[in-house]
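Inspection log for the structure reproduced underneath, given as structure tokens.
Just so it is clear, A, B, C, D, E and F label the chains in written order, and each chain counts residues from 1 on its own.
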Amino acid sequence: MKIKVVNPNTSRAMTAAIGRAACAVAGPGVEVLATCPAMGPASIESHYDEALSVPGLLAEIAADRADGYVIACFGDPGLDAARELADGPVAGIAEAAMRTAAYLGGGFSVVTTLNRTTGRAWDLARRYGLAGFCRGVTACDVPVLEVEAAVDTVVAACRAAVRADRSDVVVLGCAGMTEQREEIERRVGVPVVDGVQAAVLQVESLVRMGLRTSAAGEFAAPPPKPYTGLLERFAVGVN
Amino acid sequence: MKIKVVNPNTSRAMTAAIGRAACAVAGPGVEVLATCPAMGPASIESHYDEALSVPGLLAEIAADRADGYVIACFGDPGLDAARELADGPVAGIAEAAMRTAAYLGGGFSVVTTLNRTTGRAWDLARRYGLAGFCRGVTACDVPVLEVEAAVDTVVAACRAAVRADRSDVVVLGCAGMTEQREEIERRVGVPVVDGVQAAVLQVESLVRMGLRTSAAGEFAAPPPKPYTGLLERFAVGVN
Amino acid sequence: MKIKVVNPNTSRAMTAAIGRAACAVAGPGVEVLATCPAMGPASIESHYDEALSVPGLLAEIAADRADGYVIACFGDPGLDAARELADGPVAGIAEAAMRTAAYLGGGFSVVTTLNRTTGRAWDLARRYGLAGFCRGVTACDVPVLEVEAAVDTVVAACRAAVRADRSDVVVLGCAGMTEQREEIERRVGVPVVDGVQAAVLQVESLVRMGLRTSAAGEFAAPPPKPYTGLLERFAVGVN
Amino acid sequence: MKIKVVNPNTSRAMTAAIGRAACAVAGPGVEVLATCPAMGPASIESHYDEALSVPGLLAEIAADRADGYVIACFGDPGLDAARELADGPVAGIAEAAMRTAAYLGGGFSVVTTLNRTTGRAWDLARRYGLAGFCRGVTACDVPVLEVEAAVDTVVAACRAAVRADRSDVVVLGCAGMTEQREEIERRVGVPVVDGVQAAVLQVESLVRMGLRTSAAGEFAAPPPKPYTGLLERFAVGVN
Amino acid sequence: MKIKVVNPNTSRAMTAAIGRAACAVAGPGVEVLATCPAMGPASIESHYDEALSVPGLLAEIAADRADGYVIACFGDPGLDAARELADGPVAGIAEAAMRTAAYLGGGFSVVTTLNRTTGRAWDLARRYGLAGFCRGVTACDVPVLEVEAAVDTVVAACRAAVRADRSDVVVLGCAGMTEQREEIERRVGVPVVDGVQAAVLQVESLVRMGLRTSAAGEFAAPPPKPYTGLLERFAVGVN
Amino acid sequence: MKIKVVNPNTSRAMTAAIGRAACAVAGPGVEVLATCPAMGPASIESHYDEALSVPGLLAEIAADRADGYVIACFGDPGLDAARELADGPVAGIAEAAMRTAAYLGGGFSVVTTLNRTTGRAWDLARRYGLAGFCRGVTACDVPVLEVEAAVDTVVAACRAAVRADRSDVVVLGCAGMTEQREEIERRVGVPVVDGVQAAVLQVESLVRMGLRTSAAGEFAAPPPKPYTGLLERFAVGVN
């Protein structure tokens, strides 16, 4: 089984860390391929960055076939489009992290990077039906590419969030925190969920059950049509 | 006052029709500029098309300054990103059409093009807080670029929807129907809302009140950062 | 085009201020007629006042024909009844202010007059589907008829609300604040929405699009019937 | 203990029927006083009628003191205002009927009079938090003042609603059906809740527990102020 | 009329107090029978205790026929099962307390015993459709069997909750507080609802109206079937 | 890794089938132990059966330590209590099936056994935040212990549900259907999710990530206390 984990920003260091965290939990016989796009933003810290990470992300998903796919950015950019495009099941890390957290306690706190991203986290919690489990979204005010080195700040934000939100689980709100999960959990004292690992295992589980995105409704393959300009090569089913 | 109406697909005929419909309602002294991107899909009929229409759409919004902006596709692609990027207020046509419809009756039916787009319409209704007003979403099973010529089919779908949903207002679920609004309303017998017109007037109203997107929170200008590859020119605030 | 703005309390000074604020934004060729009822409470500060403002308000709406109507009290008293009665579209200022605010940011704070009115604001936010956008309702503890002169108190309440609610837009919760909008916005530093202006422009937009309340459902003209006693003259369609 | 049941329309026959139904269930020692206003609409079949029934209703509530009050119209007109005004607890019949039905099954159907009133029933279900229990609202298309004599039509509508909605309880959506409750229940075969009886017993229960509307928040007595014109006598706390 | 009030824990002292509080409000001619199970936990302070209180509770309900039943623990354990089993109507005290509180103010605070039970209170508020009325759930950190003697602590918690939650009604979150209701109300200054009394009166009201749980849907009598082991005697309709 | 799958009814044949289905998907090195209680109902077809299955289920969970636990009945009986009691993570099959289905399409249909269980399925969908994804719950009217042999009936019910609900995924609403998943999926033509397999893989994933139920809040180990009568041996932490 091959699972492709696409980090939608272009940071190779972060992609490597994501790959290591994914491999650490993937089952025997599961090959994890962590990649990042050839085009797009260096990090995703705005709706603008998120929107513009999608073409590169979709190119990665189309690039070569895997059994399942993970989108490794907590905004879950391009998730619906990826589901239409991909051969196998697709999970976003916000989706997987929040759904996983709901198995573990009465309510979770999301701890994210910049304050401006808290709105997106709430939007996703609502969209996935998890607003009733999400007791708060807190930013630790560290840019995405610096969060890996800022574990003390993240731990402090987690502790404050758990207390303020009266939550009993933490969800890490950025793929950049993935390798710190264990340390953060040990220091904060409640279960801490990392979306990269949760999503990889979710996709592995779907593949093992023989399940993939339904082709019977809204996520059927996109209808073929011409694309022009810079994005011409993205045309599907046309040649 | 200048309002830019961006049709995110690349059909010039549809863009021209959108421009005519917008001009027909814009106030005296309001200049409407209807444009479409130089890159992207010929029409938007999937999440995939929608995602890939966004770079071209954002390039149009960045291209030259207006007082306000309209995104003229019923999926409201790139709306959050456009709000961060634009100098003035931005409205999507689904957002404007559904909010406008809520002033006019007890509940509305959305009538859209292909069946696969009904999920997106429901997502937007929920996101904008209008799920309680939206009594149904019906597809008339006509592709986007053919809908303008299929007014009989649209009228039949509207009539059926109003009866089945027990609604008293219709929302047109595609910018391609904009010039048929009056005829459809006359033949269906309930108020029919077109999002292009609703959004243009909403933006005009915001500009007249001196209101624009808040820069104090999630829609502040995107933080500058490097972009690579095909999308390098999209980097904001870096040179 | 003639738009009638009915202030449902009987204060002529407040009615005049409402009229000035409405005229300041109405489009060229739009005549704004600001009126108040001949009967009812001097100000609206309770459900009781609100309920008893409605007969006078409805009499104003029936009095002489306009193209559209605004109900200029933040409780939106009599809105459903007015929709049945009026020839043209009707908007309430709470409805228009809150829907307008949703175009401008991630979430808004309502700042109102007396603490006892906060419940009504929440009820309306829920009813209009905007509870997900409304992050808080704060009273500045100033009676309705004194609020115009208490701009410093209002500004302080707005600043506190934005901070406490983590919101990025303010909605003014009383028609008495309408002429202070600009000053408040300038001093608070986030977009500030006044419902009087928002509702006038909303009604103007509806009229320009040729849209009016649906007669096909719950807002059809009220069925004729006898009325007795003090309210005899309110009988509709009976003579 | 004295409970005042105010029928907000001016039909004496209907008021008498309401009084008989209320007496049939009130506890020993409970005096039921069924009244109707001296002013207002002959029946309530629109938002307009409902709004204009409120002054007469409030005058009845203020008229002479009771231990508790019932508003006997399924739109619950003036309920919030009555709570501010009354010395004792107040219940509306829609509120009481729907809350009572929630004790009795998995979900209820409301069967009401005219089709145009179904929107109001849904609004109330949502407002009282009962939208999850309300599986449908059906009109039997009989005017309010004729519904008492149309028991066959009501029974047929109830049977159809239970089947279509997959519900196991019926809520009668008009005070005019109150004396037919038992017959309807016998013929339909599921529990049938009448709001008049439910509200009278609810108020009796509140009084027996020593509970009344909180004066600590939104339902405190209305602040005194001048009223002018036709409604001058409604001024509270001013003389 | 005979109403059986089952305290699902095995404390005889608490059962007696519950019986006294119930008798104090029951109508003339209503016999209240307060009982507790022969098996199960000494008090209910966890989901585990709650689940294991149910067999004893159901045995009490099956034991000898009454006209209606009350489950006197704020977690409403076994409520759905009891509805299937019982001949007459059944009410839980959380259900009755929260629904009763909704008649009395703008929003209530629940004050409960141990912190770990707050999640269950929120779950029930959501399930009964009362999340919009419930403004907070606060624990006073006193075990169930000690709460009767800790009235000062409860009063302090109520006062703090009303202030923090901006609520105007208190709901007592444990049957052990039932005899302190009046004192707490007097000292806190807002209406205080006790579920034992509210549920007894609710059941009395249902019986007086001739209403009982619907047998037409999900609460029909359980289908007969074999039970084995310790619980063999619980088999219904099998002999 | 050892995962215990507890079938809460006492059917050994059904337990064996559940065990086979679980083993078919569990990862290499995962030992699945499928058990059923020594006491309780032969099948679970009512709230009554469900409530009385819980003591036996909890005894199984306490019996001997595993790394994680699955409750293999679609009502998820005793889930909260099991989470307090168990050393490792616990998943219910309704919870896991519905959350899994949300990764696969726009909306799912639940197909269950007896009609009376549809209410419970909706309750769980709401509780888990999945009401927005659940488009319908349909019963195929086959008792639990006969459903394994009634695959044609189940397939017909699935096809009808997908059409009526406009869904694109099916959730099997009974553990008794687990071995038919593949056949049903092949014949119905949309992804079909079985909760037994979904829950086993979910628990396996949680264990692999080192995650277990939070002990910091509502699911901490139950406080020790005396139990009496038949259930005396269930006392925790007392000896």
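In this text, contacts are C-beta pairs under 8 Å (C-beta built on N, C-alpha and C of every residue); 3 or more make two chains touch, one makes a residue touch a chain.
What you see is a predicted model; the values in this text were computed from it and never measured.
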| item | value |
| --- | --- |
| Chain whose Cα centroid lies at the greatest distance from that of chain D | A |
| Most remote chain, CA-based centroid, reference being chain C | F |
| Repeat of the A-F interface, chosen from B-C, E-F or C-D (over half of contact pairs identical by residue number) | B-C |
| Length of the line joining the C-alpha centres of chain A and chain B, rounded to whole Å | 28 |
| Chain B and chain F, separation of their C-alpha mean positions in angstrom | 43 |
| Sequence positions of chain B contacting 2 or more other chains | 106-107, 118-119, 126, 132, 166, 217-219 |
| Residues of chain C touching chain D in the complex | 10, 37-43, 45-52, 54-56, 58, 78, 80-81, 83-85, 114, 116-120, 123, 126-127, 143, 217-220, 222-223, 225-232, 234-236 |
| Chain E partner contacts - residues on chain D that touch it in the complex | 25, 27-29, 89-91, 95, 99-100, 102-107, 128-133, 162, 166-169, 182, 185, 189-191, 193-194, 197-198, 201-202, 204-206, 208-214, 216-219 |
